[in-house]
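Some structures to go through are shown next.
Each of the next two complexes has chain A plus one more chain, namely chain B in the first and chain C in the second.
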Partner chain A sequence: MSSNRFRGGPNKGGPRRQENNRIYRYPLPLIFSDSPPSRVRSILGLLGLSLNQVLNPNCEGYYDVSTRSVWIVTQRDSEILWRRGFFGKGNLSRSEPSWFVRQMKDRKSKGSMTSEEVREKRRADRKQFKLDRAAAIAKVAAEAETIFETEGRVVVPALFGPEIPSGATWKPSTVEPEADAGLEQEQSGDAKDTETKEEPEEEPLEDMEHLQLTLQEAFFLAWNLDCLSILDPDTDEPLSLSEIWMTFQQVYLAPPIPNSPPPELQFDNPFLVHYAAYHHYRSLGWVVKSGLKFCVDYLLYKRGPVFTHAEFAIVVCPVYEDPQDQEISTTQLQNSSPFTWSWLGTINRANSQVMKTLILAYVTIPARSRVSRSVLNSPACFAHYSVREVIVRRFIPARMRD
Partner chain B sequence: MDIHPSYSALASVVERYPAHGGALFQTYNDLKLAQQWRDVEVKDLGQVCKRGGIQGRRPKTAADADSLLHVVPCALAESISMVWLKDVFEALGNPSSIYLAVVSDDSSIVYYKLSSGIVKPSI
Partner chain C sequence: MDDNLEQPNAEAKPLLGNEAEEEDQSSGDDDEGPDWTKLMPASSRPIIPKRGDKEFEPLKQGGSGLQQHILLRSRNAMFEALRATRTISNKTVSYGTWHPTLARVSVAVPRGTSMNNVGHTVPREMVMPDGTMKTQKRLELLPEEGVYLIERGSLMCWKEYTIEYPNDGTFESVTGIPMTVQQAYTEMIGTEDLTMDRYQVYAYLKRLGYSVTRSKPPNAFYPVAGLYPPSMSALSSSYILQRIFSTFSSWISGIFSPLFSRAFDWWRPLRINRWLRSEKNHSFMFRSLRFIPSGHKVPIHSHTETTSPYEPFFNLYKPPTPFKKSAPPPPDYQMVVVNARTTPMPSLSELTAIYDNAPELPLPLPRVRNPSQIQGVSYKKNAAGANIPLESRTTKETITPSMTIGAANGLMPSWFSSRTSAPSKQNERRVNPFAVLRQGTKTAIVATVDAGTINIFRFAQGAFETGPWY
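Our next item is the complex of A and B:
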């Protein structure tokens, strides 16, 4: 009697979950070291002191102007930042940098699948299921036709039933590997020649992928956790925190004209508005990722993309405390003007389809008349921004009575 | 971005239109390295559109492996109008459909297929 927990192999269900719990056990890049309990520790504990050390991985990344992002190029730092908090995204992959692994696997074509391969297989299976189901429905309808013609009896062709595959009863057929095996046997005589021809064509594969952090993620790691140093790509020197702060804001302002003073800092800088929202949700413990695939700004994951699907989709709606600031502003902030009902309906529909709750996060931009713009010289300006949430759910009066 | 091996193929177009260099770079890398497209080339879309475009073919194992497909990258922050789309279609020689690649800061890309005129739904 085999245990149900291990049904499906090492990559499904129980063992996979245990493996994920082990790999992703640290929610942030900083780790607190555990030392064994001792008398000294308990005495210090009574006094409110602790001997715990903070282990800082000290990652490094390069700032890239054109893509407005920070690139993590070393394997060690990529792994740390992804596994401890799901920061960043592999620029050639769906989430975790897996391009190199996929390329090596293409050459050997064996072993367990990466998430992109799982997705492709699932889509191919679903397409095949739909074709089989359509064929079965057509067959039942044709039978009903012939019964009517021959016997005159009217039979209503069923859309479901024992003959028509449903999601629960359909199994993918394994026809293709047999066909390939047949071909291979025929060409076994030529196999040796092709093998020796292939080897000299394979060059050593260089990893062309990096982990890409948005400016908000990079600033969060550098300013709050102090575990990331951002290097200037031209000089390889680490940028100071104030240089990072100024650069990240200026990349969104008017393009620089040579030999003129840098443009003035603005409260409605998209970097500041988005960072206020990002920081708000990260500090509450959510894993915040990009929501481009669902037409929203951010997706909130409870523990990480590896564990469950995102439950909430966030749209950042900036609100000016003083409407006059909006009139004289040169920045075009998205969603800062009243939105149309059709836009809200579209986004809500798209997200309810994938079982996500839509949240409008209103970020208040302080008024220039009340707060001086000199506060923008340091991150202390975030004390003046506030984030309020409004949850949107479609209400159907006929069906929702409670 | 300049030291990346893919940059040499893009250099001339990026230098002419620096504002859209990031989106072009990310789309080019995604098509060539991740999606494994063949015959990938960068085209200059002219002074009207002021950006670069990409053309190529899907990998051999794909459904429409032989047709030449056109991709136009754009950044998430841009706003697109019908005039913009018309200019892009003209600059590419009026193909029946193009792919619009919307690029985000964290390197997520979504592709939208835009056809000129009405398209009947496939059965």
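Our next item is the complex of A and C:
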């Protein structure tokens, strides 16, 4: 993901890294005030007491039924939630909401490249590299053919070597003193065109992007940290915590029938199962992001996506304590039946190829016979769920003989 | 990393740090066919890239035949290698008799090193030459051992036959009808729980040099593998100290906690005391959020299934493990063999059943030069003090057998562990924390077989809840 920008190990310094350490220094949106040193403070400190206050950013977001997400529309709140714990995703960006910055850059055509642009440039470079390499290989092969034809000598054409560029030796062919300068020129050229066109109708740019939180993220922030109020989009009124609790469950149940009581709450609600896993890994300090691009439910980052690549890929596997509950359930809970071996192999291959370890996170669903469904009226029901991991790797006997 | 993807060559990738470890996951050379040209004398050996892009693409004007020539040369090398007559020394051939009713091969003449780690002795009633019955010990092979030795040319096998037929005196000690390899396959596979899938896994492991025995003794005389040493964590003195300490600290906190904290409110899980400095930091916040039950110690309230296909079938001993066939040591690994098409992957309760009988793994060793060891840690690494590089032995707090993850487990149940776990944290700094999480505490190995293709998975019992946390 966006961490591609940061090659090299976690201990590598550099101005960019230091800046990231500064920007992303808080792991959670709640922070603590830092009162200036004083005598009172140092005495209290000796007693293990302190006057520092918890600073709650009190963010606001709108609940959106159709996308099952919570939208953070103000730039201040988006920035806080992204920078302190990497919550959410910009709806017009890959991860960090950077649409506005990209637009501004397009207008001004200066400043650093956004991560999307870095990626585009990398792709173009890679394509060119492959073309160059193919050409070099073809050239060597043609030479070998000629030698065989004329002298009858067999020279096996090389696929690598001094004449053939590799990822390490290849340089962009437009080698000017500064490759970036060329690129920038090009861009500024473009920008000039647009500027001349648009200059008469230059208007202030409005940020069209919002940060969207999954329901798990939103509930984590609203419930545990109490730093997010979720507003009803129709009334603009904040929902109470118990309303949020009910709403987030009901959105996964069958649509309500008019003039009838709302559907009964279920233990195997996908919101509850995924929340249990999400909360578990968040509480262990991992930054948990969606793993859809890697065939899994979640990715675990140490500190966050701008610092390192994700280390673990989590598949949430719900397990019914009582198999009968599964039979009578109306919910088609994903991954609640064992995978076929081919599918397990598929996920494992996809993830080990990108240096991630596949984890099956089993979430047990309490049996109806054991626990009354009335506990579902409050988050106290989480005491009856449990999360445990199974780590999947291939075992290759040929490599483990000693 | 991109660079490695780009190179279409057969050079071994430089193994560095994390990558080296991950390398174990990618498909290895063992997945490919043999390189026949290696069997030719070195001078005439062409170089063929083992993997990567196609070596050449057809030209528009047509080539000069160089590629044809190279291809032909390699193909001839293969035929040359296959044409050679297979021979075997008379001194290394054993003679045996297949007893269909017993599902065993009795070995009359054991010869050669291949007999060192197969077979077991069983007392049987036997007819002596003078017609009397006498109980005598003899060496017997399980069906998989029989088929494997026959196929490899180390055993000549006769089928037991009741009718006397003239023995010309060549093989005095063996009587019966000579068996072919095909006959051995058809008759022996299917007996004594041996399926084709299991035989294929057995033969694969044997060819790699492992000693392989049955996990469940097929009869009373089959030697039983030694027991695993009792869980290291339960015995070590430091563990007991930790137990005392943790009960003591929970007792203390039991007295004081009512003073400071209220009852847990499920609608407001995070409470930060206005006054206490120790609660005004992020690690306290994370710690107080760890209230969802987690880890394999939490009981699963579910009914155990009656029969599970996931019972360990083979015990594996790595080639360097000293193996005595009459008294085998505790196995390095236990392996389940299933058919990939008919058996779905194990459920949580099936995995738990395997973990219940598996030994606890020690913490992984600090990163070593030769990373091939990292992936497979057997219980024996406990005693592998000698393997620890010198530099890490300079401090006393490096890996001692007592410092297993299990020992750390004992500390964790209380949320006050940040204070009590100081020694184990220091310990963990030496090993890569990701390696600790990746390895897990126990392991279950499942070989899946699909029409002769074997793929083996390792399901490790994870312990994320024991930290390290970020």
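In this section, the second predicted complex is superposed on the first by the 343 of 402 C-alpha atoms of A that agree within 3 Å, B and C clash if a C-alpha of one lies under 4 Å from a C-alpha of the other, contacts with A are read in each partner's own complex, and residues count from 1 in each chain.
Operating definition for what follows: a contact is a pair of C-beta atoms (placed from the backbone, for glycine too) under 8 Å apart; a residue touches a chain by one contact, two chains touch by 3 or more.
A quick note: this is a predicted structure, and the numbers were derived from the prediction, not measured.
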Should the superposition on chain A be reported as showing a clash between chain B and chain C, or a fit? fit
Under the stated touch criterion, which partner chain does A:Arg39 make contact with: chain B (first), chain C (second), both, or neither? neither
Who does A:Ile396 touch here: chain B (first), chain C (second), both, or neither? second
Of the partners chain B and chain C, which touch A:Ser69 in the superposed model: first, second, both, neither? first
In degrees, rounded to a multiple of 10, the angle chain B-chain A-chain C between CA centres equals 110
Compare chain B and chain C by how many residues of chain A each one touches, and report the one with more. C
Let me test your reading of the model: by the given contact rule, A:Trp99 touches which partner, first (chain B), second (chain C), both or neither? first
Just to be sure I read the superposition right, which of the two partners does A:Lys171 touch: chain B = first, chain C = second, or both, or neither? neither
Which partner does A:Phe129 reach: the first (chain B), the second (chain C), both, or neither? second
After fitting on chain A: smallest Cα gap, chain B-chain C, Å: 10
Taking the complex as given, what residues does chain A use to touch chain C? 9, 26-28, 30, 32, 44-45, 48-50, 52, 54, 126, 129-130, 133, 137-138, 141-142, 144-146, 148-149, 154, 156-157, 159-160, 166-168, 223-226, 241-242, 276, 279-286, 302-303, 311-312, 317, 319-323, 337-342, 344-345, 348, 352-353, 355, 357, 359, 362, 364, 366-367, 370, 378-380, 382-383, 385-402
Residues of chain C that touch chain A when the two form their complex: 1-9, 11, 17-19, 22, 24-26, 28-30, 46-47, 49, 52-53, 55-57, 59, 63-66, 69-70, 204-205, 208-210, 266-270, 272, 275-278, 280-283, 285-286, 289-296, 298, 300-303, 316, 318-320, 340, 344-348, 351, 372-373, 375-376, 434, 437-440, 445, 448, 450, 455-465, 467, 469-470
Chain A partner, complex, touching residues on chain B are 1-6, 14, 18-19, 21-22, 25-26, 29-30, 33-34, 76-77, 79, 102, 104-108, 110
Residues of chain A defined as touching chain B within the complex: 64-69, 88-93, 99, 206, 208-209, 212-215, 217, 233, 255, 270, 289-290, 292-293, 332, 334
